[in-house]
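Down below is the structure, laid out as structure tokens.
Letters A, B, C, D, E and F name the chains as they come in the text, with residue numbers starting at 1 for each one.
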Amino acid sequence: MAHKFINEINPGETIDDIYMVTDPILRSTTRGDLYIAMYLSDRTGRLNGRMWQATEAVYNSLPKPGFVHIQGRSELYANNLQIVVNNVSVIDASKVNLDDFLARTDKDTDQMFEEVKKIVGQIKNPQLKALVGQFLADTELMEKFCKAPAAMKLHHSFLGGLLEHTHSMLRVAVAILPLYPQVQPDLVLAAIFLHDIGKTEELTYDMAFSYTDSGQLLGHITQTLLMINKKADALAAKGTPIDKSILDTLGHIILSHHGQYEFGSPKLPATPEAFMVYYIDDLDAKINQVTAAIDSETGDSNWTGWKNALQTKLYKKRIE
Amino acid sequence: MAHKFINEINPGETIDDIYMVTDPILRSTTRGDLYIAMYLSDRTGRLNGRMWQATEAVYNSLPKPGFVHIQGRSELYANNLQIVVNNVSVIDASKVNLDDFLARTDKDTDQMFEEVKKIVGQIKNPQLKALVGQFLADTELMEKFCKAPAAMKLHHSFLGGLLEHTHSMLRVAVAILPLYPQVQPDLVLAAIFLHDIGKTEELTYDMAFSYTDSGQLLGHITQTLLMINKKADALAAKGTPIDKSILDTLGHIILSHHGQYEFGSPKLPATPEAFMVYYIDDLDAKINQVTAAIDSETGDSNWTGWKNALQTKLYKKRIE
Amino acid sequence: MAHKFINEINPGETIDDIYMVTDPILRSTTRGDLYIAMYLSDRTGRLNGRMWQATEAVYNSLPKPGFVHIQGRSELYANNLQIVVNNVSVIDASKVNLDDFLARTDKDTDQMFEEVKKIVGQIKNPQLKALVGQFLADTELMEKFCKAPAAMKLHHSFLGGLLEHTHSMLRVAVAILPLYPQVQPDLVLAAIFLHDIGKTEELTYDMAFSYTDSGQLLGHITQTLLMINKKADALAAKGTPIDKSILDTLGHIILSHHGQYEFGSPKLPATPEAFMVYYIDDLDAKINQVTAAIDSETGDSNWTGWKNALQTKLYKKRIE
Amino acid sequence: MAHKFINEINPGETIDDIYMVTDPILRSTTRGDLYIAMYLSDRTGRLNGRMWQATEAVYNSLPKPGFVHIQGRSELYANNLQIVVNNVSVIDASKVNLDDFLARTDKDTDQMFEEVKKIVGQIKNPQLKALVGQFLADTELMEKFCKAPAAMKLHHSFLGGLLEHTHSMLRVAVAILPLYPQVQPDLVLAAIFLHDIGKTEELTYDMAFSYTDSGQLLGHITQTLLMINKKADALAAKGTPIDKSILDTLGHIILSHHGQYEFGSPKLPATPEAFMVYYIDDLDAKINQVTAAIDSETGDSNWTGWKNALQTKLYKKRIE
Amino acid sequence: MAHKFINEINPGETIDDIYMVTDPILRSTTRGDLYIAMYLSDRTGRLNGRMWQATEAVYNSLPKPGFVHIQGRSELYANNLQIVVNNVSVIDASKVNLDDFLARTDKDTDQMFEEVKKIVGQIKNPQLKALVGQFLADTELMEKFCKAPAAMKLHHSFLGGLLEHTHSMLRVAVAILPLYPQVQPDLVLAAIFLHDIGKTEELTYDMAFSYTDSGQLLGHITQTLLMINKKADALAAKGTPIDKSILDTLGHIILSHHGQYEFGSPKLPATPEAFMVYYIDDLDAKINQVTAAIDSETGDSNWTGWKNALQTKLYKKRIE
Amino acid sequence: MAHKFINEINPGETIDDIYMVTDPILRSTTRGDLYIAMYLSDRTGRLNGRMWQATEAVYNSLPKPGFVHIQGRSELYANNLQIVVNNVSVIDASKVNLDDFLARTDKDTDQMFEEVKKIVGQIKNPQLKALVGQFLADTELMEKFCKAPAAMKLHHSFLGGLLEHTHSMLRVAVAILPLYPQVQPDLVLAAIFLHDIGKTEELTYDMAFSYTDSGQLLGHITQTLLMINKKADALAAKGTPIDKSILDTLGHIILSHHGQYEFGSPKLPATPEAFMVYYIDDLDAKINQVTAAIDSETGDSNWTGWKNALQTKLYKKRIE
């Protein structure tokens, strides 16, 4: 049975479907009865839910957040649609069709990943090749790499976003590296492939996009560096260590790829390769962010609303 | 007769050649005799010059700065080489081989300009095509465009630097535009071609690189905008006006292409095309600046000296 | 018939008058019926309007924004006054008394403009005199100059504000120029007269205050510079060109009159005249902004609310 | 006997005159003999002085810095003029013509002070009038007020500079206050008169311009506030206390008159009067600083050297 | 009778108790009847109050803000609890149990003050000892010192907070001064004792925490300095003046103890003692602010909400 | 034979001793003869060295930088002492008394290290205890820890500085932790012990203080984190893994201990422990830096020279 999307619900309908519950709160009415206020959502929107005559046991059973099967009814209250919940039961995330709850790249994930592998396959330096191979061989990690978003909000914030962003950056690099012969392609390609790999540990994206504790405490830049060093340790344990100077040069590109201290880079770019990765990353992220913002505001105006991260409105009108 | 370069002069030689004189000062010795102190230079270096028993008339005749024919002798004074000038006569700049005095791109100017014309020839929008054509048809301006440096100091600061920088940016744009189908290629190509055209008025580069009064008062961003508007007025006078919205959209890319207020952009990028031109400009300038800095420091150290504009040293060592 | 002002409407009244409609949206009720939500406003305030049983044709006919004749009825809904619209027809702006919709200077516009002309009539330099004359002779532009606001929000944001601000600045300049004999009065007076003339193109103020596309893309500083250059071109075409150095010196004052890069000035003040215009502009704007803020908060407190643009509250108590 | 100015000394002359000695150091030659290195200066310049065969007693007798009578001889050493000192004796500052050592306003001090008194005589509020009177009656302080510089370096850095700057600001205020009727003139005039009075304690200017310990530890803004409060205490002791609210409103203008935290103002302007005093102060200081910089660079160039405090060069060319 | 706390009121109850009224406004209904809207609060929360059929006389009688005896009834309106006021009479603050209205330190005030006196009793320098004694002897001031909060919001914002913060800082100083023998303990202890004493004049805390006019105009740093100078004047009047250099060194610590210009310090730390006081102040404030924020967010999450002043969320999970 | 210190050499002496050579350059005289210019130094100073009639072979043999045995003669040239080198031979660093070349803590290293071990011995959490034990058991690393400087320049820039700084911070923590019972002592002590351990890899200090390539590319914050993770991996390999949440909480303190992005911290403090370590680090560093600066300027002035890193001069005068 197809999922009934939040933005398709009319007042007065019977509800019998799976939704994500967030921020449930147990409250007492002014008469002392307990009830649960909660949000019910999928990727199309969010409604208030109310379960009257609730018990503390029901409240305690609820995931915070998580998936629940809801039986109840929609109604208009003070001009807003809400769902009166009669019955609620917890659903394991594995039984849920995640696509109903999280936005997803509209590109072909498999094809992008094949192209990524093909591009990093061009790396000639045997040590960087081995290091990249170590990551590609980690199938569990590669699955996360293909599934993670590239960011919480600003750009490529959808499932597969990390892969789409990395794939796009690699294609830009392949296109412009021949124009800058002084820049070492192996370093650029390996660094782009790995630059945000720590996002797989910084973010969770099984039900909604949020930060892990580790991600919040360390940040993906540091997490990426730790992951690279673990893979290098594994290679060394196999008897094929990576030169410290290569590892540090690669690590430097990771540390400096936000380009400025204020954006969480503990080092400023100090090699041509670090500058190139920084600019390709910023270019790809901003073009995605700007075109997505323009596409999402469909009104008549020539301008989008104010974009705080860019400190401007965006102009939507095209020439011709 | 080949020019005797400053860095080839030994003490005790007879000097009879053309040099640039800068900052001449008329001074009196403690005994009351007049003499002229000056710098004599070409593109390989600069020496002190001294003309004893000078007159005010000779001093007044000197360009400040300009080219002079010097007759005299080199000598060591307090461990430094200097030139004792017996005779000085002013030389018109047209009779001077400028290559002895100013650094010059090592790329083929004609070939680059042909490629530039070919790339902007791809512009399909008839109004932008007409506007670009108006510039290409201005042969005097195009000569300057092929000759001007791209900046006083930081990047591409040599004759032909503006062309080399513009050419390189156009090639990057051609390479990556297919990867960003939402970005309008005509606007990007026209904007790159014109983005620094005002440098032809901001800078002088007939004897040395410096700012014109107009360049210092208005800056090349404003000068570029004024030049574009004059060409558009000329087109309108011919009966083929450019839509105001196209002209403003193009103008916006020019005004915002430094990306930040602190770098003299009075507007922040507000279109995908403006973001793309900003990043391509910054990428190309920084890669040139960084690789030139690395190439120019030939010592054994793995690091260059501190680069204030980048707030770091640069790492020179390559992998493998 | 006198206009019924928004802040005079009581619940339960019949409405039959002209208002400005903004942000109309066509929505469907949960039963699938179409209705239009809109704002209806004049200069005294804004109410929600609802037109039930609307059609797409009616929605399409509405200006976004613009003036409409409304027939309907006021009612209280959830404690707020709203207007139920039975009939709506578009009204041409030329038939509307603009004073009902936009705030206006309480000074005498004609008298201020006469004084402005008298003050700039003191300019002696023939070229600056000719340039200023070129503007004064452009009656269409001078009408806009007398009508435009000086800013969207912060200071002099009312019809006639640009004139009032320019007039006040000129009077300050006349008062203090004798105290600074090194400062060239002609430059200061011409620059003040023209400093914000681009606001006539940056802003619209026929129905409400907003930015034009051109204003948002280029900004009034650049627009002012383009206007000055067009007038100078016109003079040159008449055979009385303006010296480039005078034009650039004046242009520099325009470009630098915000005093800091962060405020959109692409150049910092580099002449005594540029510093004087910058300070007079800032002084006049801030005194207007501060006294207007104090006047508009009539409560008992000695302090206004927090003013974000000034990063402080303002102290209202006067000594006596 | 007229003072022999430093910039008039030729090599080989007998020296027998008063100079300021600064930074004397007792050194031993490589043979172990003691000698004293020192600077000798007046307001026209500074030369190295060397006293060979010196003793520790002579060194100890020298002021650091202070005035000394020098007997010796000028000579050229390594192309620089220096003074070989045979005899040195300490001179009391009271016996020195200070004008030989410190720059001084070229305006008439008495006349300026008379005008200052006349302008602040217009203050009508009896409490502010009494407070200002308290300062005017402090003849010792008023002498310092007429003698102190307005700053160490940037503007009005000459004897009488504080008076000249205050006088000029008061004249600007008198000229523009009628244009801003909402601004309370008594507060503005009193605040300008007193705004930098703490400079009399922040700076020393008996031999050279430098900071007092107290000035460096507290700063003139705080010192001014303390002085105002002492005078108010004195008035209160006489039975004519000043209202706390008036004292605080005046104090606020003093504290905020640098306009920004970064410039040492612990409060931002929060009254119209505070804004007016801030702008008049900045305007007067900058016009003085800019015109002085332009006047002091007499070369042919249209531009001065780079002014770090203004982040620009200054354009010297006047129109026509 | 125990106070009925705001967060204990249910709908439909009779109200007959004392509350604080803030921001009362006299409004007319759409029918022209007058009513008063107001907030009613105590330290547990705030509700809307409505008095229908009000008169201007009643409105005028209300304190703005202040304590009132309210007779009326609670009711639900649009899902929110509000109080319908039948009768309101003004109550003098002296008759109110302040603890119902303002949070208070949970430490023993008397004991903390005893320890403070004991610690500053260790000061050996006779002048600093005398100065501190002058403050301790001012019983009215010491009462305020024991009662004032340390800040409006960020840290120690409760009655007794200033004492608690000062006490804690003194204990830190006593603990670490032995580890830094170069730092002069007398200066550090005196400066800590006095560093925020101006808060007793900057803030009001009789009914709610807010700024005095004087506090807003001058700020507690300046107010502290003025208070110290008054006490020093009093000592001088008694014939035991304090050396200016000691007073200025102490004053400097006060002026610079916020450590940065942006935080309202007009001077940057320039002595070891100034650095130590700055760091101890910041350490104690931040630890209090952070632990209070963590304690106040009792939910399941490992993280608090976003803390704007700290630009981060806080991690609540403890190791064990 | 005692080392002849650079600051003890007089002109005309025979030189036969070990010095550090830096920046040797092979140059040709104007007659075409080769010579080597170099600096010769020890911890008391640096002189120019000249080796005339040098060969390329000798130049190639020189360390850049490193220790050499010099035979030659001192002479005065243009008023400066220089060393004419007749013979130069390379010396292995192991044969050099490092104390002649590098400044060293004047505290007892062994005793400080014992106290450090004793303090971190108080850690109770078994996992943190095990992790710290892993570091203490790494004798090679502990030797470096006892020998490294704490910084290149600003504070504790001498051999043993890292230990002295860490030791002092631990003592401060032990003193104040009892005053802040909410702060977890185990985390604070472990984090302080390890906070700068990466300096052992960031800096070299065998001949002079400089950065390693790795230090420059990654920085000591990242290097510390990598070292902690390696030790944790080693523990995990032994079957006693550290909880990820403990490792991340500790890692967060390391990453954030510079307190601000501009100082290279990629994360801002988000736990009470992170704030405490940040403040103790900054306090200890600044007190050391300030008192060292005051001690090193022994002149009569009450003030040191301008300290750029602190943006102020420092006041040297003590009270009484």
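Please note the rule applied: a residue touches a chain if its C-beta (ideal position, glycine included) is under 8 Å from a C-beta of that chain, and two chains touch if they have at least 3 such contacts.
In this text the structure is predicted, and so the values were computed from the model without any measurement.
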| item | value |
| --- | --- |
| Intersection of contact partners for subunit D and subunit F | B, E |
| Between subunit C and subunit F, the fewest steps along chains that touch one another | 2 |
| Interface composition of copies subunit E and subunit F: same or different, split at half | same |
| Selected interface, C-D versus B-F, where C-beta contact pairs are more numerous | C-D |
| Listed pair (E-F, C-D or B-D) duplicating the D-F contact set, over half by residue number | B-D |
| Intercentroid distance (Cα basis), subunit B paired with subunit A, Å | 44 |
| Chain centre separation (subunit B, subunit E; CA means) in Å | 61 |
| Subunit A and subunit F, separation of their C-alpha mean positions in angstrom | 42 |
| Residues within subunit F bordering two or more other chains | 78, 213, 216-217, 245, 249, 252, 267, 270, 313, 315, 317 |
| Chain-to-chain touches, reported pairwise for every pair that qualifies | A-B, A-C, A-E, A-F, B-C, B-D, B-F, C-D, C-E, D-E, D-F, E-F |
| In the complex, subunit E residues that touch subunit C | 30-31, 64, 78, 213, 216-217 |
| In the complex, subunit A residues that touch subunit C | 10-11, 76, 78-79, 81, 300, 302-303, 313, 315, 317 |
| Touching residues on subunit B, where the partner in the complex is subunit A | 125, 128, 168, 171-172, 175-176, 179-180, 182-184, 186-187, 243, 245-246, 249, 252, 267-272, 275-276, 279-280, 282-283, 286-287, 290-291, 294, 310-315, 317-320 |
| Subunit B - residues contacting subunit C, complex | 213-214, 216-219, 221-222, 225-226, 229-230, 233, 244-245, 248-249, 251-252, 255, 261-267, 270 |
